[in-house]
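In what comes next, chain A is part of two complexes: it sits with chain B in the first one and with chain C in the second one.
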Partner chain A sequence: MKHFTKWAAAAAMALAGTAVAAEGIYAPNLSYRTGPFAATGIPLMNGQADYINMLNARDGGIGGVMIDFDECETGYSTQKGVECYEKTKGKAVVTQPWSTGITLQVLPKTNVDQIPILAPGYGFSPMSDGKTFSWAFNAPAGYWDAASMIVQYLEGMGDLNGKKIAFLHLDHPYGKEPIPVFEALAAAKGFEFLPIPVGLKEMQNQSAQWLQIRRERPDNVVMWGWGAMNAGAITEAVKTKYPMENFIGVWWSGHNADLAIVGEKGKGYKSISWSFPNMDAPVMADIQKYIVAEGKTKSNETEMQGVFYGRGIVISAILAEGIRVAQAEYGVGEISAEQLRWGLENLNFTAERIDELGLTGMMLPFSTSCSNHTGHSGGWMLEWDGEKFVKVSDHLKADVASYAALAGEKAAEYAAANAPWPMNDGC
Partner chain B sequence: MLYRTVGQFKTSYQADQALFPVRQDAFLLGIILLCAFVIFPLTASEFTFQTLLIPILIYSLAAMGLNILTGYAGQLSLGTAAFMGVGAYACYKMVTIMPWMNPILAVLLSGFFSAGIGVAFGIPSLRIKGFYLAIATLAAQFFLVWLFEKWAWLYNYNASGAIQVPNLDVFGLYVSGPLASSMTQYYVVLIIVSLLTWVCINLTRGNLGRTWKATRDMDIAAELIGINLMRSKLTAFAISSYIVGVAGALFVFQWRGAAEPNLFDIPLSFQVLFIAIIGGLGSILGNYLGAILIVGLPVVLNIVPEALGIPLSSATVEHLNIMIVGSLIVFFLIIEPHGLNALWRLIREKLIIWPFPH
Partner chain C sequence: MLRDIFITPFVDMWTAPDFLMQVLWEGLVSGILYALIALGFVLIFRSSRIFNFAQGIMVVFAALTLVGLYAMGVPAWICVILTLGVMFLLAVAIERVVLRPLVGQPDIILFMATIGVTLFLIGFGEIIFGGENKVMITEELGIPTDSYLLEPFGGLLILEQKDITAVAVAAMLVVGLLVFLNRTRMGRAIRALGDDHQAALSVGISLQTIWVLVWFIAGIIALVTGIAWGARAGVSFALEVIAYKALPVLMLGGLESIAGAIIGGLMIGMLEKLFEIYWGQPLLGGNTETWFAFVLALIVLLFRPQGLFGERIIERV
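What follows is the complex of A and B.
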């Protein structure tokens, strides 16, 4: 009996403990630490979790309110993603869907459920139109920005007129997304644009695609790959001796582990990115002190030096700043989803603010507004030096004006297809 | 005790061959229907609707379609997901070309498109069978998914290549799309699934069903007793594909809300096939039991640790989940190789003779 009471008391304590921890702002993440894309997901998820946990440990949360950063595992499956969305939406202030498929599913529902979607650097590019997509945010940059920046970088290397650029992409909504912008740029700059799709089933065996690349001899290959496709393309490029310095990937194609496989031979491979793992940034020291030293991280040292872990930190920093802005505006600690929407819409990451947050050199300044939900921070061109990624360009800025009309058109098309679609006419 | 059949005399062949020769069966079905139509909708949360009730019903319907073909007519098919895709895309094209169309009617009509495609891909079954036919249907699977990707007209030249369900209403009540309430979506699915189940039960017990079974058990013998194999096989393909197509349209319109082409790829075909096999080939009830095990159980297992307050990370739960469901599938197939339906029949048999087993 004595034992029983002891156990019961312990159990009650444990339950009470979890109940206390669950209070605060509930910010779930639809993570994918399992499934075919786990290798790329884990560093991102770890970076996100470690940053928020660091804030909880260092500052006692944000504005004195703890952040309950929970993960709901999707394995990158759309079905599980929707399950997680339904499970978390009751008390969540934000949805971080993490896959184009899940984003597409939850995008129309957010107007009804009134929960902001935070999809940093992925999702539908026209989401930048805050007037149409009042609940969706893809700050700090969208895929169309990436396309524009890559072309700009190549132009900086020499005139593009008469050149041939192959576009190796996943044959999936994600891979097809930048095609209209590339096509418009090709017409304007006079280069030949050659899309080469890679089917979902051929991700690991791209010999046919690389045979075509060898035959066509493009001056550059631009890649929009994800998961196993990146490693497949990079090893294939090494095998066919494609000059690596002419090979550029989008930000999801710049994963350290994919290049570590080829090491020195991958030297010169580039990837555009809006984040950079600056190990000297103060925030890294804080994570080291409050999280790693306490043994609270799931990450390891190699992973923490990678681009994706650093990106996870930046993503969480965007969310945290959104929460902070909302708290300041409404004067409450435990903000609601509606209030966070306002916060994400009024982000202002100036260079000073970035330094203040300890994120020096890890991200670029940008600001969002009611009508601009992307912020278009621009990015850096990163290059693989055989061991790690280094910055090889200054701050590149996308020529947003050149596709603003297209974004408006696509957003309007989306709204029309989903009528009745509420517009935020106040913008 | 519960299943005592004492006193239930059958005085005619008709009574003996009735759908419910034992009164308790009808009673049990009544309880299930009462739950499905009244109790669940009254008590279910949005989460339950979206992750358990609606998907289980839709997967059951898809498995039932496959079961007609594979379980009753004996024609192995690996192209179920592609036929579901045909239904979904047909429905999408119909409601976008003719926005005034009643969406429920569109769902029911979309089955005819997949029936047509199903018959076309069923023609090889007249010459080949078994694994060879499975390969022919696999070709349908690859070809159709490729078509969904490449034929931009199918998804209205949408930049993302995916189809999005618009808001559709019947007399002012939204039945599909983001504005539809889960309860409305559930009732639409429930009514269509119940209706098609009723049709299937009667079809498989009737003339056509017996023709199919004869074809399945031994096609040469069936031909010798005067069964037209061509008609038997092609009707099986047509009816099966119709049901699968309706299930596909419901899948996208009443549940997912959006679909990209690779959703209809092989994994979905296998999932439906697993439901049919684990539920029991050649049964109607089995599809529901199989769907509960394959679709419902993982969802329930995922919420158990949290409900009990066990602090496990979401990724660990997912790993455990895969292991548990996998071992349960093996376990059920070992104790009853003919599926859950046979297991239920065994239990029922034992209940009837209880407490005096031979």
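What follows is the complex of A and C.
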């Protein structure tokens, strides 16, 4: 009943929204539409913006309050990202840093400024520990979840004992993020783990890395690439005749445009993903009607069918749901950053709710809590069929328990290194 | 440890000669492309004493123009001609708008101006073409994309036809450039300007014409480099960072020497690949290509501050 009352209050506010003369909720996005990583950023940013703009056009915002979805361009540079954070933090209810490097830099600042970080599927994996990182959220899944799911999928193909898995990764905080979990899994399951770093200047010329792969003959290559690194790796894999069915990328290495460069030759390449593009989902029809038909999108037909555009929509849907939950809880339209923090901590994406939002088939159910800021939705294994990505697995779930202790340990290490660090002892 | 440094790498080379050949081939391909980028720097520096920071973005801009025109339905080879036209207009614009007003200013001002050109081209390029990764029109230009699979010493050597084409075209471009600089009137004018500005001007060589010419030649080099690199992993603004690989080539070969740029590029391409594969990956965890070329260049500078082929500057006091 209490829950119903909150939703009713939110609905009432929605009706009265225009009379309240709302100024809008300022939700900036630290975008990267330029620079070496723009290929990854553009479809994601377009999906994010189109979803929020659709809500503004279709529903008059959320709870009757328009969303001021601003972009501050970082070019994926940590320095520019921090500048964008400082520039937008004054009236922002959320910060979306879009890079593990930027996330790590603004993490201590958000404690002081009391602004929630929303980093869906990226950032520092121990952020799942809500007791330590009360202002940071990486729902619906973190990098350690991805590592666990990939190993689980490979194990499903056969015993990993005695096998060799090469880890081709960007030599950047993002690329190094899952290494502790892969090392722990290698020790537990008896496979050899071989990290192969790719420098920023070598992203488009990875011949040395693929010569090493040819020499080492790994059973599988797992890639943690971003931006131009993905296309560089995929073309080298084709060139060196590496069997594509043994090549798996994290969710940021599953971009249609990168695979389109090799087309049929990339057939069999896989990518773990917590989102999937579903052109038949009702939300796509609404975006078509309110945004595309009105000429308000920066995207195009091909991009909108891709994995990254769909993921951008899911990311904004997570933010929008956090805003709705907070509005319902506090009975106000123009929520504060602190109230949004509560909203993001109480997300409950059930299968029914996903359908209600028109996101059927695009994401998996998950919920967050005070102590669990990741949600651990799990994901699907996608495979490139020569033209597009298709699902080749059922719902995969990370074995969170296997690295829970490590997450706690790393969170404690981080808090000690940044002492005095505020803990949310109420969790 | 000493064994890993002094014996194991050579044993590996001896026992797997096909793999060594593959490493050297990959180094050669990278090296010739580094050399091409370095040539763009050298040409402009020789004729104007300007260190052209914009060379990297010119590679991106030329490649994006090519694929952008093709996306508009223009036939591939017409796109090449039109792109050359765009690069010529860019050279004229840079000379008129950026360089001409700064004649006589200190070198650092001209260098800063090329940074301005870089930033302008990044913004302008992103507005016109967008930042997405684009597919190079390799096959449309008639560049073969299959591979030759050879079996030397019973092993495997993969030679990509587009890499062979890139090496051949780059070699032809270098030869053509050398002939142009040494055998033509305009080429000699460029060299004269590089040797002594005042003397060259006094015999009627037009500074403006030569500057447009060298920036246009740098544009041609940028287009060839853009096609070769773009064919490997697509065309995006990430290509710009490849220009930084030319810096150690210039340090090694000297800023004024065309032969230095070519030999320096080939040396760095092959040595960094050999070091990475046989020493870097087994002993240092890999990714040594990020710094190896700079360390090599610094070592050379310790003994030859003007680079291997640079001119020794003697100033009389």
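As a convention for this text, the second predicted complex is superposed on the first by the 405 of 427 C-alpha atoms of A that agree within 3 Å, B and C clash if a C-alpha of one lies under 4 Å from a C-alpha of the other, contacts with A are read in each partner's own complex, and residues count from 1 in each chain.
In this section, a residue touches a chain if its C-beta (ideal position, glycine included) is under 8 Å from a C-beta of that chain, and two chains touch if they have at least 3 such contacts.
On a predicted model such as this, the values are computed, not experimentally measured, just so you know.
With chain A as the common reference, chain B cannot sit beside chain C without a clash. Of the two partner chains, neither chain B nor chain C is touched by A:164. Contacts of A:211 after superposition on the shared chain: chain C is touched, whereas chain B is not. Using the contact criterion defined above for the overlaid structures, shared-chain residue A:388 touches neither chain B nor chain C, since it reaches no partner.
Of the two partner chains, chain C is the only one that A:196 touches; chain B does not reach it. Applying the stated contact rule after C-alpha superposition, one finds that A:108 touches chain B and leaves chain C untouched.
Once chain A of one complex is fitted onto chain A of the other, the partner contacts of A:82 are limited to chain B, with no touch recorded for chain C.
When the two structures are aligned on the shared chain, A:33 is found in touch with chain B and with chain C. Only one segment of chain C in 22-30, 76-84, 112-120 or 256-264 runs into chain B in the superposed model, and that segment is 112-120.
Overlap of the chain B and chain C interfaces on chain A comprises residues 33-34, 171, 200. Taken in their complex, chain A has these residues touching chain B: 14-15, 18, 31, 33-34, 70-73, 75, 78-79, 82-83, 86-87, 100-101, 104-105, 108-109, 111-112, 124, 171-173, 176-177, 180, 200, 410, 414, 417-420.
Looking at the complex, you find that chain B touches chain A at residues 46-47, 50-51, 55, 96, 149, 156, 158-162, 164, 166-167, 177-179, 256-258, 260, 262-263, 265, 299, 302-303, 309, 311, 313-315, 317-319, 322.
Chain contact summary for the complex, chain A toward chain C: residues 33-39, 41-43, 171, 195-205, 207-209, 211-212, 214-215, 227-228, 231-232, 235-236, 239-241, 257-258, 260-261, 303.
Contact residues on chain C toward chain A in their complex (touch as defined above): 16, 19, 22-23, 26, 29-30, 122, 126, 130-133, 135, 147, 158, 160, 229, 232-234, 236-242, 244-245, 273, 276-277, 281, 285-287, 289-290.
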